[in-house]
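Okay, handing you the structure first.
Chains here go by letter, A, B and C, matching the order in which they are written, and residues are numbered from 1 within each.
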Amino acid sequence: MKKYTQINDIKNLQELIKEAILLKMNPYEYAHLGKHKTLVMLFFNASLRTRLSTEKAARNLGMNVSILNVNDAWNIEFEDGGIMNTNSTEHIKEAAKVISQYADVIAVRAFPSLTDKAKDQSEYVLRSFEKYATVPIINMESATAHPLQALTDAITISELADKPRPKVVLSWAPHPKALPQAVANSFVEMMQMMEVDFSITHPEGYELDEAITKNTPINHKQTEALKDADFVYVKNWSNFKDYGKILNQDPNWMMTEAKLGKAKFMHCLPVRRNVVVEDAVLDGDNSLVIKQANNRTFAAQVVLKHILEGL
Amino acid sequence: MKKYTQINDIKNLQELIKEAILLKMNPYEYAHLGKHKTLVMLFFNASLRTRLSTEKAARNLGMNVSILNVNDAWNIEFEDGGIMNTNSTEHIKEAAKVISQYADVIAVRAFPSLTDKAKDQSEYVLRSFEKYATVPIINMESATAHPLQALTDAITISELADKPRPKVVLSWAPHPKALPQAVANSFVEMMQMMEVDFSITHPEGYELDEAITKNTPINHKQTEALKDADFVYVKNWSNFKDYGKILNQDPNWMMTEAKLGKAKFMHCLPVRRNVVVEDAVLDGDNSLVIKQANNRTFAAQVVLKHILEGL
Amino acid sequence: MKKYTQINDIKNLQELIKEAILLKMNPYEYAHLGKHKTLVMLFFNASLRTRLSTEKAARNLGMNVSILNVNDAWNIEFEDGGIMNTNSTEHIKEAAKVISQYADVIAVRAFPSLTDKAKDQSEYVLRSFEKYATVPIINMESATAHPLQALTDAITISELADKPRPKVVLSWAPHPKALPQAVANSFVEMMQMMEVDFSITHPEGYELDEAITKNTPINHKQTEALKDADFVYVKNWSNFKDYGKILNQDPNWMMTEAKLGKAKFMHCLPVRRNVVVEDAVLDGDNSLVIKQANNRTFAAQVVLKHILEGL
């Protein structure tokens, strides 16, 4: 693996999932693979799970970890050819090349603005690191994708499915703040690669990028969509067409125990209780969110392992 | 030891102090005890000594350390059953369970508001971590207690006492800002467990929680209280009854060389010079503050050692 | 080496450079030298290169590293004898002595105010750490000096010079913000110690401290100064006489490919493109900035190695 910035960097998903599950059983088996190797984690945005699980994954492999909140340094310029006489102190061309000399792998988190659709869709932060860095890049959630989360979700579904082709539904939920489409996008792409019966339910007008959803079935009637589901992945996203807007906060879209039925409940966390999902679901036996979060470590670890092996 | 959130988690104080002193002489003796174990340190508030000494203690035991300033992530909700549609992004139920999967031990610092007495007294942050985390919790100073500091102080007094039952006085001092009662509370509880002649002196009306001071003698006349003292522990706290208020800034309560006499001077640091204590005391031979700070490492280390042995 | 706070802490520059180049070829040769040793890095100001390269250098030597943004703790008082009843919570006397107990080496970054010349020139932050700490101090850029950068630059010139006595020119450049003289000062001092034909070019009135420049030739005509140069080090600094002021932003002083000719371009980074230097230079074959940044690791590592050997 030369990098992990998007789902399709995965060559053989089934093999990768199997390997992650083996790492979970024996996390220190490759503790010498990362000797004298450094993971630099760069955060343009806040993090809890990704920060702690990726750090742990790297340490399980024997790596050194350096963590930098980019806001503790200074503004980085991503435009080419401009006269840098305002707020940006350093250009990504220098920053990415320089950090590559202190790192064997660079992991980056950079959320979208949700105000400038074209700029967000260009993934200029992540692509600039890919372009100018001279070491492999890992996406710790970018403007449009969260492939480590999607791998986590694939591992979790693989571990817990009790039938060959489970029914998986991605169900939109209300939220008081405008959130990215990144988690939903990567989950959709991942489910398209798996042996699952996958569909999406969301209010009319909340379509994700069609280039991602392709021919995945979309149902605007939540109850109908959830019927006989084995796994229900709940997630808010702000509007994609009317970009970054909150057009719907209808509490009827909140996930409840009644709607969920016997399905397993999944969410990437953090989750707002009684807005996105009611307490009874999170506190009930069908919630997988804590197991999902645990798999974050092994998703990151299997990716790091493959990248280290390819150095 | 299953956790260390309060003084009475200590089973055998004398043994623990002896062990800490042995660790100080041979800090790397148990350097393999923490192999592949992770301490996650969570700071809701600023720290210098606690941060550096606890990190060093964990490393002395061979542990990995992850440090997260919670403000670099997001607001955590502690109320149960509410609709999380305002400022909090994640509930402690998820946060504590999730972090427990990346940590073998979680250490938490969370100061009181000093505005809502009932809420502070409930120790809702610390208790929530204790309730929902699935790994041992260490208190790195909570709303009402600072048990690592108190253990440090017990070690320091044990090391330096030159008589079987030294006289120890806790003396209130003025301060321009409203400070918690946590250090004073834990020091009082610790002295009640030791073979010392212990008393407290503070201005009238500055009584600490009676549930903590119990029958410890209190004297409102500082000079009288300090007479023949062997150790004088100086500390400001804001008013407990008129909660969080500064009712007294009388500079006559500042500790001076003249008042201290031959006694040893103790303070947890940070200390405001010439407000809490005059320069001559801190710069004189009777000040133990630097030795106390050194013992922070070994107090944390002996606690971590016992917790690791109990995993 | 007992400390590295200024250029003249170097005993034998040529030996040190040779050793740094050897470390670059074999960075883990002394990986056991730092076992159970801790580097505490204290940042009063932002950092990217210094932070990551010094951390990597310490890890290459097997050290533990603790990093503290001092702003995450509280204000430290540097004045002696004052009544600390305003903004400062802890005096440097305590802070430096305490941290010395958790560290084997302390590295400090503290920029100048650029408003109070006498105070900046006194280097009160760095000198206070030197005075009160009980372990060696490394300067990670202070008010008036950046000796790790200067050592990096000396290594880079030594590696890449293709003649016995290359011509090196320090050329001032415009900048929209008032910047310290630190990098320029240390570069001047370093070049004075090397076998180079060294001169400085800057606009009239932009003289650096004469106690530092001594009899180094200064030419106010940039084109003339750059003639036949082998290495051109470009750097902005704010006015030293009219302290901290920006008296000149003349874009004609920006470095261009035309002016540079066949000389190698050097800069400490971060650099503002098309303000300090045009894109064509940074993107061209004569730019050494990425190589310089790589040498930051080995400058820090050779200094740490000598300090560890002297413990």
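In the analysis below, a residue touches a chain if its C-beta (ideal position, glycine included) is under 8 Å from a C-beta of that chain, and two chains touch if they have at least 3 such contacts.
Keep in mind that what you see is a predicted model, and the values were worked out from it rather than measured.
Engineer: Is the way these chains touch best called a line, a ring, a star, complete, or other?
Structural biologist: Chain contacts: complete, every pair touches.
Engineer: What's the call on subunit B versus subunit C, same or different interface residues, using the half cut on shared numbers?
Structural biologist: The interface is built from different residue numbers on each side, given that under half of them are used by both copies.
Engineer: Determine the centre-to-centre distance between subunit B and subunit C, using the mean Cα coordinates as centres, and give it in whole Å.
Structural biologist: About 39 Å, centre to centre.
Engineer: Give the residues of subunit A that touch two or more other chains, as numbers and ranges in rising order.
Structural biologist: Residues of subunit A never touch two or more of the other chains.
Engineer: For subunit A, which residues count as touching subunit C in their complex?
Structural biologist: For subunit A paired with subunit C, touching residues are 36, 38, 40, 64, 66, 68, 72-74, 77, 80-86, 88-91, 93-95, 97-99, 101-103.
Engineer: Please give the residue numbers of subunit B that touch subunit C in the complex, ascending.
Structural biologist: Within the complex, subunit B touches subunit C at residues 27-28, 31, 43, 46-49, 51-53, 55-56, 59-60, 69, 176, 269-275, 279, 282-283, 289-290, 293-294, 297.
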